[in-house]
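What follows is a group of structures, each given as structure tokens.
The same chain A turns up in both complexes below, where it pairs with chain B and then with chain C.
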Partner chain A sequence: MKIKLDPRTKLYMIFIVSAVVMMSATTPFLWAVRILMTVIPIILLMCNKRYASAIRFLFLYAVALVLTFTCITEDSKGIFMAFLVGYCAIIVQFAPAMITAWYVVKTTKIDEFVSSMQKMHVPDGITISLAVVMRFFPTIKEEYAAISDAMKMRGIRFGGGNAVKMMEFRMIPLLFSCVNIGDELSAAAVTRGLGGKVKRSSIVDLKFKVQDYLLIIAFTAVLAVFIYNKYFMK
Partner chain B sequence: MDNTLTNNDNIISINKVCQQYKGAESESLKKVSLNIKKGETLLLCGASGSGKTSLIRLINGLVPHYYKGEMTGEVTVAGKDISKTELYDLAGIVGTVFQNPRSQFFSVDTDGEIVFGPENIGLEPSEIKKRKEDIVQKMNIENLLERSLFDLSGGEKQRIACASVAALLPEIILLDEPSSNLDIDAIENLRDIIIGWKNEGKTIIISEHRLWYVKDLVDRVLYVKNGHISHEWTKEEFNNLPKEEIEYYKLRPLNIRTDYFHLLSEDKNSDSIDNNANIGLGLEDKDSVILRDFYFSYTNKTYVFFKKKFKESDGSFLQLNIPELRLPKGKVIGVIGHNGTGKSTFLRCLCGLESNCKGTIEIDGKEYKGSQRINLSYMVMQDVNHQLFTDSVKAEVMLSNKDLSEEICLDILNSLGLLDYKDQHPMALSGGQKQRVAIASAMAAGANLLLFDEPTSGLDYSHMEKVGELLKELASMGKTVLVSTHDSELIETCCDHTLFIEKGRAVSLEKV
Partner chain C sequence: MNDKKLKVKDFITVGIFTAILFVVEFACGMLGFFHPYIVASYVIMIPLVGCIPMMLFYTKVEKFGMITIMSVLMAIIMFVTGMGYLGAPLIIGAGVLADLIAMSGKYKSFKKTVLSNGVFSLWICANYFPVVITAKSYREGLLESGYSQEYCDNLFRAINFKTIGVLLILCFVFGCVGAFLGKAVVKKHFEKAGIV
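Let's look at the complex of A and B:
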């Protein structure tokens, strides 16, 4: 079963989850809500056939959670325990945001994203620049790999040499090629009408469906519960 | 005066245009005048830097709107004065296919790319979908839909680029060296696309170094030199130009010698190449570079604790499968084959970039394994910008070998004609000079096996010739040179042998 969400729903999810991870869970009920909120994006990942990453996240989160509740008490002492407490706390606290962001990035196409931004009346200037940034990541990755190969061939390696030089060797060719590609890219884009005065249309037809409404309600509820507990309960 | 031009069916008219880019030392176009009729197909030829690209940019408006500079004269395209027309208003009129498929895509997937133009000019979604279906059907690219642009081969990328330009239904189509990164099959494909456009009555202007595939498509040929149009031929005149004249103009030949590629055009069925042919010209040990056990695949075999070694018996799973191969030492060997059949993989494995490939190289009775291969060999990459790291040519060479004395360094630079540039920044040099800096650092590192990945793609005839001579010179110094190429003219200029690779196997090694 494949669940396809509207990009606006996804953005809303990110927004809520990042707000909630900044508030701490104090009662068992809040913990339950928080865990539920984390499980939702994992399930969504599975629905999009991203089993490997879903299982990895689930495992990571579950282990951190179990450790937090069982092994770590107020009397925990020693360096090892200090590290363990630190790691587990960070994972338990921030994994929800990480997983949601991963899900959104992996399942949203650029044109869907652009079209949803347009529907929300975000100015084209912002939308297009964000789209270009997303378009550029794979390019940077390709260029970076090519430069790494070249360095390997020249026998330039980390260790031995100094770190500043290493950065320089990597960054200079990378910057050069990214600037060149960016320049050619925008020249090609303007010859195909980018930046015109007419309103850009989109063949991506975005509509909220049942699953979008359900998720929006669920996440709003989560936020409401946390806010109520933080500010209105004494 | 301009108003009359549209009446006598000139769709493009360029009137006494001079143009100089900002920061350039001289004019790129000098008083160019040109009229093009509707439905004409035009070929622009001439050396790199002669002004072909600037001419193309005049017509699509990138000059003066995107690339700034000084410009005088008038350009009228389809009745519009270019200098007063915004670029986005030209989008539905002029379409441009650029040279580098890597940098002309705005989307990351093929579908998004085809509809990008129509979306920009705000067409109705239903109309866009209709256009997309039309184009896809016409260009026969169903199999490329819903793919990531980063996974496509050069030829496939260029087809998507053509489709996305055609989706705007422009009357005028410009192609700026479209075949630079393509193999012969992909060029044939491009040719079919151009024929299709021609039959639709579009006005087509092609700037190109490779002439054989366009020579019978064009109505007129313009020779551009130093910023002006110095010659003009009709199709008949051009096709009958004597060989000497073609050479005089430093143009690439009108006919390619297909015999190097006879294996390319034959449809080999996969059975016949399942077994590695016993090739190697019967070379003695001392005259040869012996490669053994080159097996490689980009996907790993499933493993539990340790990666499994690749073996010959893995058969079709492997992207490279060469149990033993003898290459003649001190020669220039052209590595040929289709796009995506393992030429680059072969070179990458050979120079040790793929550490999962456990092949060994034997030269003069000495065997090189694993990372020793990196020291033995050096690859000059297609985009040479990636392998220049320092701020001066001399430092670049010294970087390869810390123990190198300054004398030897200068010697190497001298032998490559780079001595005058020793204190310049490598990035400030021309493409050919950069290539030579990379070669210089390879020589400083003491590499005996020099590998070149498509060194002449997009080069004009005289630059290609220079690269060819350089390769020959390297071979005469005793280096073994392997060059992967689609360029039959390069093979003719410099290669002693051709090695044909198909589906990761070395199929034949022939003398040129």
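Let's look at the complex of A and C:
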């Protein structure tokens, strides 16, 4: 079963999840809602056959949750505990946003994204730049790996322990390749008619379907519950 | 004149440098889990590290709007990664102001670029806004989500209403210092290679 969502639904999901992440869950009920909210993108990942990342996220989130609830109290001391507390807190707090963002970035094709932004009348400048940012994180990672490999071949490990050198050796080549890739990218984009004066047509036809409406309702409910509990239940 | 309008190439440049800047910010942000004072020292670290891409970016900026778009993108990314919407006005404000300053020097004057980079660096302080403005509920949130009392105390000793002014000034100063540093690096590496 493959669930295909409208990019606008996905953006809405990101929006809601980021808003909810800012509010801390105080009661068991809110925790339940929060966990439910985290499970939805994981299920969606599974539906799109991304089992590996879905299971990894599930595992990470579950471990952090269990640790947070069982063995961490406010007076836990020591460096190791501080680390553990810090990481678990970060994961529990931000995992929903992380997983949703991951899901959206991995399953949205750039053309879908651009045409949905067009439909929402977002200015071209923002759309194109944002599409480039989304596309560019994996590229940076690849380039960085390539640079590390090159440095290993050359026998440079940590820049001789010099922090400034360490940064320089990595950053400068990275910038070089990024600038070049940018030039190629814009050449390719212009060839495909981006930035022309005519309104572009799109090969993908975006329509809301049942699953889109269901998810929008579900996430709106989550936000409503959180706001209600946070501000009106005192 | 069509030259004044932003073209696709400019948008792509903005996108790329925003991505790089965010990676820098994220890498520095990871260190913050060790100790809250490191969180406060972002104002020094990020301008100094981020200055290199920023100065390279400035050499590519020739029209009004590029820095503004960058700040809008930063605001969006900060929101999506869960830093909240409180800082967004500051980020975008700093971006527009930086853009205007750079424009008054026609994007060529180095002095104006230094100032502009200093102003743009203020966006880093937007990270602190949730800590300062919603101090009480933020603290409760941290304690509930499992941070130790000690971490919280230190965090709030380092960042509060009194210190935010200092942090803003530090941001600006190190943004300016970073501009010189970045300029030197760009000169050393990129001008020689003929990329700029």
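Remarks
Definition applied: the second predicted complex is superposed on the first by the 200 of 234 C-alpha atoms of A that agree within 3 Å, B and C clash if a C-alpha of one lies under 4 Å from a C-alpha of the other, contacts with A are read in each partner's own complex, and residues count from 1 in each chain.
By our rule, a contact is a pair of C-beta atoms (placed from the backbone, for glycine too) under 8 Å apart; a residue touches a chain by one contact, two chains touch by 3 or more.
Small disclaimer: the values here were computed from a predicted structure and weren't measured.
Once the two complexes are overlaid on the shared chain, A:181 sits against chain B and chain C alike.
In the superposed model, A:197 lies in contact with chain B only, and not with chain C.
Of the two partner chains placed around the shared chain by superposition, neither chain B nor chain C is touched by A:29.
When the shared chain is aligned, no partner comes close enough to touch A:51: not chain B, not chain C. Contact with both chain B and chain C is seen for A:189 once the two complexes are overlaid on the shared chain. Of the two partner chains placed around the shared chain by superposition, chain B is the only one that A:153 touches, whereas chain C remains out of contact. When the two structures are aligned on the shared chain, A:208 is found in touch with neither chain B nor chain C. In the superposition on chain A, A:228 contacts neither chain B nor chain C. Once the two complexes are overlaid on the shared chain, A:111 sits against chain B while remaining clear of chain C. Across the two superposed structures, the residue set of chain A contacted by chain B and also by chain C is 132, 168, 172, 176, 181, 185-186, 189-190, 194-195. Contact residues on chain B toward chain A in their complex (touch as defined above): 60-62, 65-67, 86-92, 94-96, 98, 100, 102-109, 111-112, 115-125, 128-129, 132, 150, 164-165, 168, 348, 351, 353, 374-375, 378-379, 381, 383, 385-390, 399-400, 427, 441, 445.
Touching chain A in their complex are the following residues of chain C: 6-9, 11-16, 18-20, 22-23, 33, 49, 52-53, 56, 65, 69-70, 72-73, 76-77, 79-82, 84, 130, 137, 140-151, 185, 189-190, 193, 195. By the touch criterion given at the top, residues 109-111, 132, 134-135, 138-139, 142-143, 146-147, 149-156, 168-169, 172-173, 176-177, 180-181, 184-203, 205 of chain A touch chain B in their complex. Residues 14, 18, 21-26, 68, 72, 74-77, 81-83, 85-90, 92-94, 97, 101, 124-126, 128-133, 136-137, 140, 167-168, 171-172, 174-176, 178-179, 181-182, 185-186, 189-190, 194-195 of chain A touch chain C in their complex.
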